[in-house]
Amino acid sequence: MIWHSFFFALFAALACGFALAVVLTSNVVRMAFYLVLSLSATAGLYFLAGADFVGSMQLMIYVGGTLVLLIFGVMLTAQEEFIRISTRPAEVALAAMVGLALLILLSSAAFRVPAWRGDTPAERSLALTPQTVGPIAMALLGLRVDQAPPTADSPPNDRPGYVLIFEIISVHLLVVLVGAAYLARGRIGANSLVRQDPSQPASDLDDLADADPSGSELLEASQTLDSPAETGA
Amino acid sequence: MQTSVEDPRVLEFDVRTDEMLVNMGPQHPSTHGVLRLVLRTDGEVVSEVTPHIGYLHRCAEKIGENLAVRQWIPYTDRMDYLAAMNMNLGWSLAVEKLHGYAPPERGRHLRVIIAELGRIASHLVGMGAYGLDLGSFSPFLYAFREREKILDLFEQACGARLTYSYLTPGGATADLPAGWTTRCLKMLDEFEPILPEYHTLLTSNAIFVKRTCKVGVLTADRAISYGVSGPVLRGSGVDFDLRRDGEPCYTQMYAGYDFQVIVERAGSYPATTGAPPPPPEAVLGDSWHRFYVRMLEVVQSISLVRQAIALYEAEEGLDHGQPFKLGAKLPVGETYLETEAPRGQMGFYLVSLGQPNPWRARARSSSFCNLSVIGEIGRGCLIADIPAIVGSLDIVMGEIDR
Amino acid sequence: MAVTLNRALDALTGWLVGSIGDDAACGYALAAILQAGMLLNLVAISGLVFIWLERKIAGRIQDRLGPTRTGGRFGWLQTIADGLKLLCKEDLMPGKADWLLFRLAPYIGLAASLSAFLALPFSGMPHPFVAQRLDVAVFFVLAVLGLEVFSVILAGYSSASKWSLFGAMREAAQVVSYEVPLGLCAVTPVMLAGSMDLVTIGDAQQGGFWNWYLLHSPFAFITFGVYFTCATASVNRAPFDLAEAESELVGGFHTEYSGLRWSLFFLAEYGSMMLVSLLAAILFLGGWHGVLPLGLGSGGWLEALLGTGIGGYLGALLGLVLLLTKGLLLVIFMMWARWSLPRLRIDQVMTTCLKYCTPIAAVCFLGATLWQASLPNGLLLRPYNAELLRAQAAGPVATPPADVLIVDTAGGRP
């Protein structure tokens, strides 16, 4: 257990330390980088808790997906004058208040979970019952295998699962995807107007528009691809 | 980030993107020497290409005014150093035109052998380096492997492997050594079956086709108006080759030879034995066609060398043309002669006041005109297309800067 | 492996320093150090071998000899000589670079490449050689592999060079988009085995090459092709090496790097190459199982001959050799492709991913699912299923509850 405590402390310190660094540094790109480290340390905490799936999710979606796009965006948009962000004291005070309020809210919520307050080993072991993602996956498909099977006298829609929510999210994402594709198309149309040149054969410009060399379509597509878990989480 | 609409043609929701000036070269791996291209890019799209030249300027033309015509031959070697034999030939023919001199028949065939071998060697480098520009390493070394054999032959003929100074006004510095033609024919016999390998690796390779087709399209009108020449011009479908259409004092060198100008006529190329047909994606004048013309010209040059060797060996006597005396005075007058070098029309201009050294010696470089179209055909393409276009123009900076 | 090794080390440390106190803690620490050291050396040594191999293969492909001088006839020590040279080079940094990110970037790439090996098994049951056996190993490996992109992005950004920035932009766009088809392809074996545990996936393919998921169905065969293409793209190998693209971007993201930091990028690249190749071998090519049923695993002749202890470990070791051989062959295939093919253009790379690889992977996943549902016992040869055989030997199977049955069908093999 000593290593568990040690690594918990290490990862917690890393997560908090880099979170602080995000707030305190003034360089935008470094902020994004510290956020990567902070979220990776959080993933480490998940692995430590035996939640391999959540940890991998954290790495893949937040660190590998969202933050790549974040850094990418910051990197490309941050010009010399925007690289450094100075914070005024009033903003610091306001942020501190909001942060403190959030901390109080979260910690009070955390302390209300009975299993986490467990004082006796029996209570603690209750919280450590091994669980797999199988039931969640089945519930997403509409089957609550984690609950008792239906009996003859139970109401027909006793165990609906999450299939409706899942579908709504999917449709929502589809809409976002289509919207992103539309925006990217419009932009290319505008650019090819600028590049209009009689010497270039028409097919060439069409190819360019199809391929979207600037990658914006792709970026937005991947952004939306990443968001299911954001919404889900 | 601010969203502003500066250009009315840019739609309202457009994210403003900054243009970036990128300096490609003069120390860039794929600008073929010390060429510097300034690219104005928006993301990966190039909106403007400006070539900057002059990094290899060595005042060769000024030096030419202070040397006897034969002494300037080594300087022509260093113009297009990948086809130095053809540079020697261009200058020699210009001087001979001023003299009104024609070399003996044996010397004429010798020059065809050497010039066409030089063309093969030069096109091999162009082909291999083009593969390198597109990220394919191995064809470069395959091409150099075959080029080495040609250089071996040149070395046996004149002692040098890069800057030959072999063909001079009057003829050649020496006749071909004994057994040279046999070795040359053996080399060609070994080389010809290898050509399909190059076609497999490059010409018909799916990625190569994707990278070169419809890239850098140069229409025939535009090609003519920019004065491009050589394979670049013929790749645009213009039927023009100085070996057939040049001045008599140059075309008489090829009198009696059977050859066709490599250019697309009515949708097909002559002499395509062993070469794959153009892919449906390719349009006339794109990088693929320029490359293809070079590949076919190699086949044609092989046939020309074979014909020339047969004619050379059939000649009676041993007179290959004696070089002019070093101190011999030039006739008063001026002359200009263009020859078909591997990269296009190489012209030499010469004004003489009756001294052994010319009053003016100038060179008209084919690569210079060929490079000048880069601003036109490089606009609107991607950064990765710039090496593909520059490679397909196959320029040599030594010739441009002189 | 962790548990076995820990037990052994625990006994060792308990015997050595029994009085010091919590020997379990020491055992864990020792086991961790040992395993991390072994993995580190695996990556480093394979990096050395791969660089030598790459030069030798490139040489042979190009009709040359490759290294011949350093270290005897075959130039064995060429990589070490190269490494020494790199060590001695000056560690340059551009004046306008972001010093922190510039210095950290190579380490991030190497760390991501190395830590993905944590969950990669090298042999199957009953002695799985794996540093940390995870239920979601496939997912973990892909997730960690995706982090390597950070090193390229940060290197490209912090170099304060336009060519580096271009490389970083390309890399980010490429890797993020290729993760989608890569994940879709990896899902097919997961579906067939009914588990994301790489040990289970590998062991589900035992008993000869006809049980490999590569030959499960035509769809799985195509999936393997798509997987390998996407894997090549996600580790930045030719013809997808756009982030480096020396003929266009000078050196891409590592233009400004020199010496040891530069070589760390390459160590990470070769590590990732090996990782995706081993993953392909486990997912599609039977992992540590032989082309023909060799009987090295549990219940084979090796165990019967030498007992479950030594025989089992020996079998696992031979399985490790088999797996490494398969991975090596795939790496050699990548090298072959690199020295033969021209490079694609960035928009063509994106088109390949979004218009071809992703739809093909999705359709093949669907096809493989339907194939498995309609032909659960395969077309020609009956797939090996240890549990089924055992159950048949034991007698009639009790009908499982309805819910469990559904879960099983969704999970793959009945």
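Letters A, B and C name the chains as they come in the text, with residue numbers starting at 1 for each one.
The working rule: contacts are C-beta pairs under 8 Å (C-beta built on N, C-alpha and C of every residue); 3 or more make two chains touch, one makes a residue touch a chain.
Chain-to-protein mapping (UniProt): A = NADH-quinone oxidoreductase subunit J; B = NADH-quinone oxidoreductase subunit D; C = NADH-quinone oxidoreductase subunit H.
What you are looking at is a predicted structure, and each value in this text was computed from that prediction instead of being measured.
Engineer: Measuring from the mean of all protein Cα atoms shown, which chain centre lies nearest?
Structural biologist: The chain sitting closest to the overall C-alpha centre is C.
Engineer: Which two chains meet at the most C-beta pairs?
Structural biologist: A-C
Engineer: If you average the CA atoms of chain B and of chain C, how far apart do the two points sit, in angstrom?
Structural biologist: Computed from C-alpha means, the inter-chain centre distance equals 47 Å.
Engineer: Could you grab the centroid distance between chain A and chain C? Build each centroid from C-alpha atoms only and quote it in angstrom.
Structural biologist: Using C-alpha averages as centres, the distance is 25 Å.
Engineer: Starting from the mean Cα coordinates of chain A and chain B, work out the distance between those two points in Å.
Structural biologist: Between these chains, centre-to-centre, one finds 57 Å.
Engineer: Where in chain C do residues touch at least two different other chains?
Structural biologist: Answer for chain C, listing residues that touch two or more other chains: 169, 346-348.
Engineer: Would you please write down the residue numbers of chain A that are in contact with two or more other chains?
Structural biologist: 208, 213, 215
Engineer: Multi-chain contacts only, two chains or more: what residues does chain B have there?
Structural biologist: Those would be 43-44, 382.
Engineer: Sort out for me which residues of chain C touch chain A in the complex.
Structural biologist: Counting only chain C, the residues touching chain A are 22, 25, 28-29, 98, 100-101, 134-136, 139-140, 142-144, 146-147, 149-150, 153-154, 157-158, 165, 168-169, 172-173, 175-177, 179-180, 346-348, 350-351, 354, 401-404, 406-407, 410.
Engineer: For the complex, give me every residue of chain B touching chain C.
Structural biologist: 20, 22-23, 28-30, 43-44, 131-138, 141-142, 145, 201-202, 205, 207-208, 210-211, 382-387
Engineer: Contact residues on chain A for chain C in the complex?
Structural biologist: Its residues touching chain C are 2-3, 27, 29-30, 33, 36, 40, 52-53, 55-57, 59-60, 63-65, 68-69, 71-72, 75-76, 132-134, 138, 141, 143, 145, 149, 208, 210-213, 215, 218-219, 221-222, 225.
Engineer: Name, in rising order, each residue of chain C that touches chain B in their complex.
Structural biologist: Result: residues 58, 61-64, 162-163, 166, 169-170, 238-239, 241-242, 245-250, 339-348 of chain C touch chain B.
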